[in-house]
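You will see chain A twice below: alongside chain B first, and alongside chain C after that.
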Partner chain A sequence: MPTKVERWKDETYGMEIREHLERFAQEGFDAIPEDEHDAWFERFKWWGLYHQRKGQESYFMMRIGTPMGRMTPEQLRTVGEVAREYATGPVSNPEFDDAYADFTTRQSIQLHWIKIEDVPDIFDELESAGLSTIQACGDSWRNIVGSPVAGRDAEELLDVWPIVEELHDRFKGNDLYTNLPRKWKVAVTGDRRGAGQGDINDLAFEPAIKEIDVSESDSEARQTASDGSEEVPGFNVTVGGGLARKEPRLARSIDVFCRPENAAEVAAGLSGLFRDYGDREDRFNARMKFLVDEWGTEKIRSVLQEEYVEYELPTAGQGLREEYDYNAGRADVPGDYVGVHDQADGRNFVGLSVLVGRMAAEDVIELADVAEKYGSEMIGLTQRQNVIVGDIADEDLDGFLEEPVLDDYSPDPHPFMQGSIACTGTEYCSLSIVETKNRMVRYARWLTDNVAVPEGVSDFHIHLSGCTASCAQPQIAEISLRGMKTRKDGEAVEAFDVGLGGGLGENPRFADWVEMRVPADEVPGYIANLLEVYESERDGEESFRSFVADREEDELSSLAEPEETSYEDPYLGNTKMTWYPYAEDDDMSASPAPTNANGEPLPTDD
Partner chain B sequence: MADRVLKVNAFTTFDLLEGRVEGHGFAEDAFATLNVRTAREDPDNVTLELELDNVDLDSVPPHADRVTLSAAEARTLAAELETAATRIEKTTDDGAEQQSDTGEEP
Partner chain C sequence: MPTDVHQLDDGAWISVNDTREVTVSDLWRLAGTDFCACRLTDFLAEGFVEVGVDGANVEVRIAGQCIQCGESGVTDWLTLGRVEPETADFRPVVPESVHRPSRRRRHATSP
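After this line comes the complex of A and B, so read on.
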């Protein structure tokens, strides 16, 4: 039997949700019938709106999908202006003040405290700048991820930006793919870094080269070998990756090579296959990874060939995986885009570290102004929650690097300030059981001030998630922190399960979970102790990831002990029980929500 | 060490309980999560699921246990829990009264 969500989707879904959103915006939040809240909130996701958690009723998170995280400075400024005007709530955040934008691990932007009454005006502002929230959430094609510097990266195999634009245009607002059994996440990678992180996507195009006989080829040869064959750049196709639930999966090869000109057809075929054969009776089993588990890759390939694709699919080509360095935990190269890098055209792109991906609205606007001042035409958000400014000429580089906004968003940050990712946490999220972003900021500062960085370590990735959902991608970090509870001095306190040694790259691996329920205030001490052991026991220049991979479970569990230190944690109590963790009176009963368009409390039945 | 089997989020019934696994010749204490689940759609039973933290256990492999209850069984369990809770509270209250009667600080 189809699920309740499927029934809601059958009634109203996709583009038509917009007219209802606009109606509710005009009539006010309380025009949404209470007994229909669940159905409408589920549908609103398709247009990028998530209702915030208990205690914050009538406020929404808005997600803006930027393909490959790519924007113009003008678009970035629009994001900052919208955040400044609309993304403010009843209480400030002690670390980030009133208005800010969150850059996400899928290269999107999230704004909070959005009132439904403001949504039409926000849509107008975003859309007039060429931005949209369409399908940013919900059961459909999500934001396509990949390297934002495609076409600029001096090292890439092929420029995938035109392909991503084609996919974005074709699959956003397309009735055929509006309503899938579950979310559909796609990565397209043309670089040699593996910056698309395709391994954790439902569908990934991974860079590859295929030798094809000239007589079979109708495309322009890139390299012609002496035997008359051509080496054609394109993609190997993998499916069924994902981190959610207790069963993370790396995407699996279906032994298909795809030329750039065929990417849309193959993508249409695979998302059509998922639409038609995915599980609509059990949402927990609905993701593509479970269909791949059930069918196996050979059947996926054969059904794709027989039912969805008109041409004969070539077998996989030679991938570039051994060159991947993005979040690869390598000791020889950094695992992200932070810093100054060469562009193919002789200019530079500059990656700036944005701690936990959160940037104040005023800083967003300032960065847009600075980018424009230096002639940049490209801003990029990365999957490591950082931001890139492209197109800086050599002669302008010194001036750009001295801009005041780079004091807070540095291209050369301390390693502990560079590698941190955190999800939304109990600040706004319904699922989380611990505070995340502000805590990760405090961890990073404490580690920077108190812990020596092991020699040779340029970036050190700590991913902090508020629950067993995987929004901060905790399985693919050097240190994975996942929210739990424990008891300390007789009190229930926020805590973390700890995993070690995960990451992507040539040989992707998920973290080994080594500690459970470490009190949140003892995590920095644990990391300090762990790094001391790593530095003293590692083999030469051995990377942390390799150090972990070389050790057995028992040894990993006894590597280091949690410890109280000078670190102080203001969020140890049960923040999920507050209406907002940073409110002076944080008791649920003190919440002003739900509120009207002006933020004034609405009457409730209570 | 294996990952948790049960997901744990804000909807989990209990994310922090004290548990014990016991068998012939072994007994170990560990923190536990306990969750009451029903299907989102037209549920016809209740699932009670329990997982002890595997990091604290040597005697059993990482796992979770589940039992399925009908509505009537769930009510029976709820009633017994209610009765037991009342008994605890009564004992506590009595104890407090007795302590007060002796003039000691409660």
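After this line comes the complex of A and C, so read on.
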């Protein structure tokens, strides 16, 4: 039997939700019939609106999808202006104040405290700048991820930006793919770094070269070999990756090589296959990874060939995986884009560290102004929650690097500040078990002030996720933190399961979970103790990831002990029981929500 | 009038008569269960897996783990609360009091 969500989607879904959204916006939040809240909140996701958690009724998170995280400075300014005007709530955040934008691990932007009454004006502002919230959440094609510097990367195999634009245009607002059984996450990678992180996506195009018989070749062939074959750049196709719900999967090859001009057809075929054969009776079993588990890759390939694609699919080509160094945990190269990098055209792109991905609206606007001042035409959000400014000329570089906004968003940050990634957490999210962003900020500061970075380590990532949904991608970091609870002196406290040594690259692997239910105030002490052991016991310049990979589970579990330190955790209690963790009166009964367009409490039945 | 129940947002919520009533992350004390070897299972609710009704009671199965021993899995059926027949108001149970899961399958709805 189809789920209730499927029945709601059958009634109304996709583009048509917009007119209802605008009607409710005009009439006010309380015009949404109470007995239809669940159905409408589920549908609103398709237009990028996600209802915030208990105690914050009538407030929404809004997600803006930016393909490959790319924007123009003008678009970035619009994001900042929208955040400044609309993303303010009843109470300030003690670390971030009012009005901020969150850059996500899927290269999107999230704003909070959005009122439905403001949505039409926000849509107008975003859309007039070429931005959109369409399909940013919900059961459809999500934001396509990849390296934002495609086309500017001097080493890349292919510039995938035109392909991503084609996919974005074709699959956003397309009735055929409006209603999938579940979310559909796509990565397109054309670089040699593996910066698309395709391994954790439902569908990934990974860079590859295929020797094609000369009679089949075309102008894109790179060189002619002595045997008459030609090397064609394109993609190997993998499917069924994902991290959520303690069921992590790496995407698996279906032994298909795809020329760039065929990417849209193959993508249409695979998302059509998922639409038609994915599980609509059990949402927990609906993701592509479970269909791949059930069918196996050979069946996926044969059904794709027989039912969805009209040309004969070539077998996979030679991939570039051995060159991947993005989030690869290597000691000799950085695992992200922070810092100054050469562009293919002789200019530079500069990656700036955004602590836990959150940037004040005023800073977003200032960065857009600075980018424009230096002639940048490309802003990029990365999957490590940072931001890139492209197109800085050599002669302008010193001036750019001295801009005041870079004091807070540094191209040369301390490794603990650079590596700190966190999801939304109990500040707004219904699923999260623990507070995340503010805590990760405090962890990063304490570690920076109190823990020596092991010699030679410049890149060290700690990914903190509030629950098993894994929005901070905890399984692919040097240190993985996943929200949990435990008892300390008999009292329930927020805690973390700790994993070590995950990452992607040439040999992707998920973290080993080695220390469970560590009270949140003992995590910094654990990390300090762990790094001390790593420093003293590693083999020469051995990377942390390699250090972990070389050890058995028992040894990893006994490497270090959690410990209370001078670190103080103001969120140790149950933040989920508050209406907002940082409110002076945080009791659920003190919540002003639900509120009207002006933020004034609406009358309730109670 | 029959009670309408379902779970939402990847199991984050249980909705009763189209009102979001109970969310994850509570700690439940469970007795008389073979979920783990602890005398009392100190169970962290991480996600609602199934929901159903049994008369006036709203029943759920919850994914999570015992924070004492670390055993993880899905509980048998637990009473989440009761819908008052007169008013249709939902009265949730207190999770931290002791609950006895039942293997008896209620009239479950799909998620």
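Going forward, the second predicted complex is superposed on the first by the 603 of 606 C-alpha atoms of A that agree within 3 Å, B and C clash if a C-alpha of one lies under 4 Å from a C-alpha of the other, contacts with A are read in each partner's own complex, and residues count from 1 in each chain.
One rule holds in what follows: a residue touches a chain if its C-beta (ideal position, glycine included) is under 8 Å from a C-beta of that chain, and two chains touch if they have at least 3 such contacts.
As the structure is a prediction and not an experimental result, all values here were calculated from the model.
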item	value
Superposition on chain A - do chain B and chain C clash or fit	clash
Touched partner set for A:Asp38, first chain B, second chain C, both or neither	second
Partner chain(s) touched by A:Thr3 [first = chain B, second = chain C, both, neither]	both
Touched partner set for A:Thr178, first chain B, second chain C, both or neither	neither
Which of chain B and chain C A:Asn236 touches, first, second, both or neither	neither
Which of chain B and chain C A:Trp513 touches, first, second, both or neither	first
Which superposed partner A:Thr424 touches (first chain B, second chain C, both, neither)	neither
Partner chain(s) touched by A:Thr468 [first = chain B, second = chain C, both, neither]	both
First, second, both or neither for A:Ile433, with chain B first and chain C second	both
Contacts of A:Thr486 with chain B and chain C, given as first, second, both or neither	both
Doubly contacted chain A residues - partners chain C and chain B	1, 3-5, 53, 245-246, 283, 426, 430-433, 467-469, 484-487, 492, 516-517, 576
Touching residues on chain C, where the partner in the complex is chain A	6, 8-13, 15, 17-20, 23-25, 27, 42, 44, 46-47, 49, 67-68, 70, 72, 109-111
Chain A residues touching chain C - in the complex, by the definition given at the top	1-5, 34-39, 41-42, 53-54, 244-246, 281-284, 426, 430-433, 467-469, 484-487, 492, 495, 516-517, 574, 576
Of all residues in chain A, those that touch chain B in their complex	1, 3-5, 53, 245-246, 283, 426, 429-433, 467-469, 483-487, 492, 497, 499, 512-517, 553, 556-557, 576
Residues on chain B engaged by chain A in the complex (per definition of touch)	1-12, 15-16, 31, 40-42, 53-56
